[in-house]
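Structures are listed in the sections that come next.
Below are two complexes that have subunit A in common, paired first with subunit B and then with subunit C.
Here is the complex of A and B:
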């Protein structure tokens, strides 16, 4: 490229660059959507308030954290973990069981437990849950890395993990009493009126994005996802990458399970099958968020930042509709349309990008 | 062998294996029951299954339970498999996932001549001709009792100098059959009181959706003032209470919460954060089903076509003493009867 050409490209203003990079159809679709969204936001009473903005981000936090973990799997070209909610189900049973176990109480036998005793109980339960999550991720990652079809492997794993959780809990609600050491995560707020789980979501989103952008591991994720043969040629086998990415996704799912259990002081294997989102299935919701974020289902293209924004975006649409009095049917329809819309737009954008390349 | 032949062979093997299992299980002297219901993995249904199995064993019945994952098509397939196996029980227990969509299966069951007892969802005009009775909860009574409890709490607030109380309703999805029955009964119960419903949010079932729905409703209604909250079940209400607390409301003082079903968190009632609930026991529902089967097999009819489980009110004052005698003759406390976090 000559200096003269470089100068002319740098001189393009924002509008001109948009027109250069995107087709008129994409510009029209996104423009129309932005107009509708901004109009909806400004015309909806109580939408643009600090309280409601907090509500939106808090609403997005749990599914958002899971989706960030899953994004690593998708970016590495290993499709999705269809076992996300089952990993969470097994994790929440493990966590709640240990939180409620009498042998695990460090502190006086009589009277209220001390803060240190509660925290010790929490730490042991948390550590055990994360170990289980790591094992579940490693098993799935190894099978996928060995050439197993991600759909088949994770569907099978889903049944296995749910079955273990169901058997372990005897299908009953496992509860533990307040005060307990997980309240700070489930319902606490260290930063004024911002819930800790919201802070955790933001920290995890930033950390994940920095990892992908600025670490060797992050670049390897993109490399293996975009071109497995090239990754292999440079010594980066998918076997190790699949294990690492599946562990990240599993640990994120387990973290969500811990936070949710801390909020409700209980656990049940079905909590993640029926409780999240209008679709009623957390795995589907999490996959939807990854897709709405515009991450390539084939791997190698996307980011956790997109996923985080996707979670907030879906939460915003849902919130706006509730404030306007829509019931669940209309909201499911709207979220479904948003997913389809995002997939079309990002597909058009990527097709345009490849044409330029 | 062609693909079609292989498929046919596999299907035949499946039906024969299924038939062999059913034959082995049912070909005994004891009266037999086949129950079609949802998954044991769901807390409420898990306790229902425990209720029917334990009581059937106590009464000397053989029972086989076919679970579906809240999927009527799956249940329809199970019905076809049972009928294809050709070994019929003495009674079918039918808990449809979707009573309207499952009407074909019910008709097929009834056509065998084996009596069918419907569970959990009240009979409708289309299916009542195919069943010999109903056993299960009364959505209306449950909601009415919640309304009466809320009136009682509002009266206490009025006596303390308050007036004109706003109610937020945390609902089942409005498309769910129990919603209409519940909301209408609740409205009737609070009619003429100081209570006015100002919001009705239907985020979905469970605690997480209760939390999310309440958080959004608070954003819209906090200026108007929220004084009472009614949860269509305690799981939804438990999430709602968390959202209200995070929004700065003091539960039991600023906002009074009333729920139903006792599938939430017992500790909230003990701590005064939830005023009360109405007991709806899945264990009792399962026991009642077997009692109805026993009555029908003995007399050829039921004294009552509709048979409800009791829905007594539970508040902090009676939480340790409320008990129901099961149809197995034992006395159960609410920790055993309820399906939520009540065992802690």
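Here is the complex of A and C:
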């Protein structure tokens, strides 16, 4: 090995530095993103309007938040949770059931409930949902951490959670009256015309990225994901890591369930299987986003920033196709093609970025 | 000699982007000759081997084979012409039988062949590589790593190559298996085959090679007869300067109170519980061949491999680590023999590798302290002569020697009192090897206790202050500095019960 590869950090210009740090993948991603945007803006009417951009990001928010949670699992080398939509299903049933419960003892007995009573109901339902999500995440994480195969564990867990949710709700739609305490999250917007769910997406994306970059936990996620054996040898066990990451993914799924329920004031176990997003299946959609973002399926490489961009990217393609009148079959096809394409691009870029010894 | 040359490459250049791997290098080998190819990591050995074997086609220069100008477009083309390469990494299919692996390419055997027929056909090739005692029907992953390497060579020999290239065939092998490889190479030479032998183990080069080609910084030296050189002059040729003594000087050590007492430790792979002490300031060597149990002992002491029982008395405390974290927290570091498996995070920056065991100490309230991390990793990188400018690079791009330095260097970040190292210099070039020895010695001089397990007889003779020897899971004996010689150690680790002698006398009677 010669010193030729040991380039000094200081004598690089901006583009060189971008190219050497995390960039080749981001460059490819951003490049593609730009191409799509340019093509979309020129070929599609109403694509590049402020209203449509907001729509794109809002549409990306729910799947995006879920995908950000799942990214922790993937980065830590624990593959994927194939139970994402079932966690959300159980969570939404739990949330809606508690929202609909007639226990507004915080408000007046007669007439419309007060705002504070609605908020208290929301907080109780929200907290209970999050506790259940923590438990579902911890169970799966512990089984994976003990050496269980993530595919087997989470497929099994998926059946379990869906079964409980379906049983609990008698497979019926659980609805609750407006006004209710979750409207602010579902459909509200404190910041003028920017929906709160979009704000939540941005806050979660930023928080997740900062966590991965600047916290001890974030570093451990990368190390354990990059090499589990070396992680163990340096004092970072996958057991605790798998539990923490699965809880994060599970809580993100539950948060999405709460926000979605807030939009439609109801719940059903099938909301995330058949009526959601262009491809219908939430789990597949979320995994697609993690992969389109260029995160390594083997773990140890990637970021939640990539995932967030992946969500917006898929959303904008989907949006463009809707504006051009494609049906849902064509849109599913497009998502599939994007996954294949991005995996190839990222694999090639990554191989190229490895210097020859 | 000139008309005897089977393979001749002249004025070979090859660059990968900014890196010039070969700069007008030359190489030649005659019929029935064993040519050693040596050089430090990064000197261009692998590139040269890849060019000869047709793996790398983007070179400039002349390539003569069997008197003709050739430019092989693929490894298959080279193989058909009679040039075969045994790579460092095994390419056997572990779940198939030995015979099936040997005939994996499918030539030389009928289209439809029974397992018995394959076994019968495989037998002579196995005998050729010294594996006559192995049943060809056995599943490959039941063989030792050394035996698997020999099976790999047997597969190449089945194609009757004229030139066989062995790239570090003994890097992962213990003494017995290495000797098998060397014997095999000699047999091939007797049958008129040419062998290119690439190795870091210089003693082997002198044992079998007729001539030696030295590569340095992509340039080749004129091949010299092995008998005209000794280890020191060869090392100087490789480095381009005088090395002095490779092993640092040992100073007398006063052993008063042990820093660590190992009591009744019983790792898997060891026949009976073992006990020993380690003193501050010393390098204790655990000598033994592959499979003697020394690596299991080090692993069990830090909880990274399983053990049936035992305790460590350390720092006024009795404990047994059930996971590496328990040992790290107490300042006991363990660097395993397989850096790619559990020593490095190859896809992560060097800086993160160096700080991995000490993330907690460089963070406060769960937040990483970037400045602290940079400062401490820069300091350790300098100690291990790794350019601090390379800290943001992925560990995977480093050469073997530098990787080993990072794998070992990361432990300095926890300021360890006891350092356990298994095979400190496996697959490491001579220059880096000397540096690693010096660093281990410096750490000992500063009061750390160091335990080194090694199957390299030169290393285990010359580095430690004291040796405990092991043979097939049994603790044989302890050798003090005055008693340590290659001969005394070899006897204890290869044939302590004089089994060979018994066998010979039985056969004689």
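The criterion applied here is as follows: the second predicted complex is superposed on the first by the 314 of 357 C-alpha atoms of A that agree within 3 Å, B and C clash if a C-alpha of one lies under 4 Å from a C-alpha of the other, contacts with A are read in each partner's own complex, and residues count from 1 in each chain.
Heads up, the rule we're going with is that a residue touches a chain if its C-beta (ideal position, glycine included) is under 8 Å from a C-beta of that chain, and two chains touch if they have at least 3 such contacts.
From a predicted model like this one, the values you see are computed outputs, not experimental measurements.
**Student:** So in the superposed three-chain picture, is A:232 touching just subunit B, just subunit C, both, or none of them (first/second/both/neither)?
**Tutor:** The answer is second: A:232 touches subunit C but not subunit B.
**Student:** So in the superposed three-chain picture, is A:301 touching just subunit B, just subunit C, both, or none of them (first/second/both/neither)?
**Tutor:** A:301 contacts subunit C only, not subunit B.
**Student:** Quick one: classify A:51 as touching subunit B (first), subunit C (second), both or neither.
**Tutor:** It touches subunit B, and subunit C stays clear.
**Student:** Please work out whether A:134 is in contact with subunit B alone, subunit C alone, both, or neither, and reply first, second, both or neither.
**Tutor:** Neither: A:134 stays clear of subunit B and subunit C.
**Student:** Pick one for A:223: touches subunit B only (first), subunit C only (second), both, or neither.
**Tutor:** A:223: touches subunit C, not subunit B.
**Student:** Applying the document's definition of touching, compare subunit B and subunit C: which contacts more of subunit A?
**Tutor:** Per-residue touch count on subunit A favours B.
**Student:** Hey, which residues of subunit A end up touching subunit B in the complex?
**Tutor:** That would be residues 45-46, 49, 51-52, 55, 58-59, 62, 100, 162, 166, 170-173, 175-178, 187, 189, 193, 195, 260, 263-266, 268-271, 273-278, 280, 318-319, 322-323, 327-329 of subunit A.
**Student:** Taking the complex as given, what residues does subunit C use to touch subunit A?
**Tutor:** Residue positions touching the partner: 16-21, 41-42, 46, 217, 304, 323-325, 328-329, 334, 336, 341-348, 352, 356-357, 359-360, 363, 366-368, 370, 387, 389-390, 392-394, 396-399, 402, 410.
**Student:** Write out the stretch or stretches of subunit B touching subunit A in their complex.
**Tutor:** 40-43, 46-47, 173-175, 201-209, 211-213, 215-220, 222-223, 238-239, 242, 245-248, 265-267, 271, 339-344
**Student:** Spell out the residues on subunit A that touch subunit C in their complex, using ranges where they run on.
**Tutor:** Touching subunit C: residues 1-9, 21, 214-220, 222-223, 226-227, 229-237, 296, 300-301, 354-357 of subunit A.
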